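Listed next: structures, encoded as structure tokens.
Shared between the two complexes below is chain A, which has chain B as its partner in the first and chain C in the second.
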Partner chain A sequence: MTFPNTVAAEIRKTATLPATMVALTVAVLGPVAITLINAVGVRAALRSGRPELTAYTSPVEAVFSAVPIGTVGAVVLGVVAVSGEYTANRANIGGGRQITTTLTATPSRLGVLAGKAIAVGLLVAVAALVAIPASLALAGGIIGGDAPPTPDGVLSRSVGAGIYWMLTALTALAVTVFTRNGIAPIIVLVVNSSLVSVSVLLSHLTPLARFLPDLAGMSMFAGDLLAFDEALAPLTGGVVMATWTAGLLALAGAVFRWRDA
Partner chain B sequence: MIRAYGRAAATELAKLSGLPAVLATVLGTIGAAMVITGALAVSPVGADEPVAVVLQAVPYLQAGTISLGVLAVGTEYTDGQIHTTLRCVPDRLTVLAGKTLAYLAWATGTAVAALATGLLTTRVTLATRDVPVVTDGPPENIVGAAVYLVLIGLLGVALATLTRAVVPALVVTLSLILVVSPALDAITPHARYLPGRAGGLLYLPDPAPVLTPTTGLLVLLGWVVVTGGGAVAAFRRRDA
Partner chain C sequence: MVRMLSVERLVKRRGSREILTDVTFRAAPGRVTGLLGPNGAGKSSTLRILLGLDRADAGTALVDGQPYRRLRQPLRTVGSMLDGSGAHRSRTARNHLTWMARSNGIPTRRVAEVLDQVGLGAVGGTRVGRFSYGMCQRLGLAAALLGEPRALVLDEPVNGLDPEGIRWIRVLLRGHADAGGTVLLSSHLISEVDQIADDLVVIAHGRVVAAGPIREVTAGYPTLEDAFFALTQPVAGGR
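Up next is the complex of A and B:
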């Protein structure tokens, strides 16, 4: 099978999993819904003349504080793309696993993994392209004229949030290759995708924690929302997170090649 | 009736004890308690009160009891074990009651063990750093934390019964409590009625008290009863 065919196959497999529909819905509707609630709250606080009631008054912050719920969608997408291959069917229909079919059709293991990574990356990119502009438009529309002047760097932070989602999804994919089961990666990564992650906790302990993938990546979009003083510059943070992701994917490739399916 | 519930609970306890994922969750929760309280106790920001340090770790530890709750029900559906279960115990209410009792036993043990490990770790860490322990906070907060950890996991039991699968139930419960709830809390005071925030009053004091710990507990119980009631209705009505 040629590589483009492998990618097409992986896109079709991943996109038609029921869990993917749920993950994409969470990644798109989640941020939009939270933005809606945030923006209504901000507008109420501004109109009543008590902006100190809310943690921020800008429509932009209303959007970026909703990014973590989209991260959950990205995590689910990355995890199920791999764990779906290893889930055994019910015993009364043979108890088979899809991974055996996949590797029979495409014996190149690195090809399969690369195809999966591309499929997951594309799906998350689509979700981000819909969710973030929609949330920004919604927040701007609701808060409207009451809003303080727009801060700089909205575009770069939006792109950063999208990249953060993609890299998180790819990290989840790589970790699930190690565990071959979705439960542990889901627990760890969903817990850690909140803005008060375990990494924030570690940052009290050592400044090196800012080089952990999630804290480094959050600096791409979080701005002042990050409860953490010595954050990396957005670009550096992005590079650090991308390096972690590339490293984990390389390790996942080695493990996937080396182990029995 | 009571005997049927007792037997169902004994069965479910035996099933849970045989699940590697449950043992991994219990040990993982206790290990996480050790690591997180250790990290908090060595961090320079004002940690000289063991109880307060342990209470800060509770939001992370709740992932453990939520996972236990989800696993208790969700694993029945991964390979069709639910069919065997319902053949042995045809009364669906009894099955759910047994599962809930078995979960309560495991979760109580896990919560107590994790909190005790956390207290011990904090005391040892503070002692090795030669930090004089100021004073232990009121110990009822630790009891409140244990009650909270056990109750919040019941939401996992209910959602796993509704979704009939492990991963969706985990995603929904964990993201609602750990991601959505803090995001809403920054913006609207109504977020204090969400299960995590209301139940949190059992172990963390509220700077602007609207709910007391007792009303917070009642709000959390209300969430458990509503989702649990939905789960019971769905489990009784639906095909397995």
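Up next is the complex of A and C:
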């Protein structure tokens, strides 16, 4: 019965790290802020009678085009849950890293990694449960009566967006196990999820790019926003992304077990 | 219950260099065992293997006949302190000890108890990044004592402590051993080990060069310091 203790300890440890608060704030306020900007733009276009000025006129699309910014929070959360273990204290106060404490308290490497994955997954799920409904309400409120009828599948796309965030956070967690330092994974994954997606660029070269984790996962929520003809069906895309994530976590577990602390 | 720590023919390599060669010793209950050696002799590497942090290339390191990694709630069996506080700098001392307690099913009241015991009761809400060296060492000790373990494994515990702190830890460890507990500590400070240890393991260049009750190890030398330098200096023409 030690695993529940490990999970409880990892949840407490991750949730009380100041960087986690920053990550959760980004994951919630980021999408809400972008939704606000999108929705104001849509309302202006609709009221001026020129809906062709925007890529979409539905409040729902104003929300789902803001989802990638929440991914940034998910990435930060997944990274700091691991990189915090390896942050070295100053040598003049004895140095040392938290990982030694973690692994003397819980020698099971796979137990620690599973506990962290559960903690990160739960925190991201909470962020998604707040951010996405809040964004939908906000966009609906701003665009209001000018909006076209609500399209189908809003719920499944919302769930898909939450799962996309969770899987992205777990990918970030696994990658940081390899690097033991948060800087490189944060830069690469934040740029990839907010500015330029390498997979999206590759999709212009080969349709195989749709099987890359982020592009596959985006099909869970993006709908027509994904300007890509060969996109996977939402469920298939989710399975593909989850498989990538599980593979990376398994590899991270093997490395974590084999490596000296 | 007996809390014997036993290290048997430990070998550890880093790259092509052998940093531990056939390291063998025991730390017995009711005794303070001092692992004494110059910097880089292999003291920390030995303790890290004993605590299941690093893997040995050969040999065994056991707690009551079991590898540390098999212990179910290790903090209740072996309390340990390696470099400094072992806490993330942006946590408070209390927060650090609380997640540790949770991980081993230790009652939360122990957090306040150990903070008081090590003299950090008033600064439990302060971030570890603002602690002095001495305070970090005290937090590390608090973490070691958290699960009321029978065995204590401490790497250079007096580093950074002021004279009052050194005296305090000496009394604490003596009391722990006298109550039947096992204490294994490493140090490069000869005088400290001389004052605190019952048994001695002298290690140099990754090898145990002498082990036994402190009087036996120092027999034939005027002081422990003389014994230490005679034992740890490379013999002329030797390795």
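Heads up, the rule we're going with is that the second predicted complex is superposed on the first by the 258 of 261 C-alpha atoms of A that agree within 3 Å, B and C clash if a C-alpha of one lies under 4 Å from a C-alpha of the other, contacts with A are read in each partner's own complex, and residues count from 1 in each chain.
In this text, a residue touches a chain if its C-beta (ideal position, glycine included) is under 8 Å from a C-beta of that chain, and two chains touch if they have at least 3 such contacts.
All values reported here derive from a predicted model rather than from experimental measurement.
Peer 1: By the touch definition at the top of the document, which applies to A:Ser219: first (chain B), second (chain C), both, or neither?
Peer 2: neither
Peer 1: With the two complexes superposed on chain A, say which partner A:Thr171 touches: chain B (first), chain C (second), both, or neither.
Peer 2: It touches nothing on chain B or chain C.
Peer 1: What is the contact status of A:Ser65 with respect to chain B (first) and chain C (second): first, second, both, or neither?
Peer 2: first
Peer 1: Which partner does A:Ala19 contact after superposing on A: first (chain B), second (chain C), both, neither?
Peer 2: A:Ala19 sits against chain B and chain C alike.
Peer 1: Which holds for A:Leu202: it touches chain B only (first), chain C only (second), both, or neither?
Peer 2: Only chain B is touched by A:Leu202; chain C is not.
Peer 1: Thinking of the overlay built on chain A, is A:Ser135 touched by chain B (first), by chain C (second), by both, or by neither?
Peer 2: A:Ser135 contacts neither chain B nor chain C.
Peer 1: With the two complexes superposed on chain A, say which partner A:Asn92 touches: chain B (first), chain C (second), both, or neither.
Peer 2: Both: A:Asn92 reaches chain B and chain C.
Peer 1: For A:Ala8, select first, second, both or neither according to whether it touches chain B, chain C, the two together, or no partner.
Peer 2: Only chain C; A:Ala8 stays clear of chain B.
Peer 1: Between chain C and chain B, which one touches more residues of chain A when both complexes sit on the common chain A?
Peer 2: B
Peer 1: Across the two complexes, find the residues of chain A that touch chain B and also touch chain C.
Peer 2: 19, 87, 90, 92
Peer 1: If we count contacts the way the header does, which residues on chain C are in touch with chain A in the complex?
Peer 2: These residues of chain C touch chain A: 48, 51-55, 68-75, 78, 80, 82-91, 95-96, 98-100, 102-105, 128-129, 131-133, 136-137, 140, 143, 159-160.
Peer 1: Which of the residues in chain A come into contact with chain B in the complex?
Peer 2: Its residues touching chain B are 19, 22, 26, 30, 34, 37-38, 41-42, 53-56, 62, 65-66, 68-69, 71-72, 76, 79-80, 83, 87-88, 90-92, 182-184, 186-187, 190-191, 193-196, 198, 201-202, 204-205.
Peer 1: Applying the document's contact rule, which stretches of chain B touch chain A when the two form their complex?
Peer 2: Of all residues in chain B, those touching chain A are 21, 24, 36, 39-40, 42-45, 59-60, 63, 67, 71, 78-80, 166-168, 170-171, 174-175, 178-180, 182-184, 186-189.
Peer 1: Over in the complex, which chain A residues touch chain C? Could you list them?
Peer 2: Touching chain C from chain A are residues 2, 5-6, 8-9, 12-13, 16-19, 84-85, 87, 89-90, 92-98, 100-101, 103-108, 260-261.
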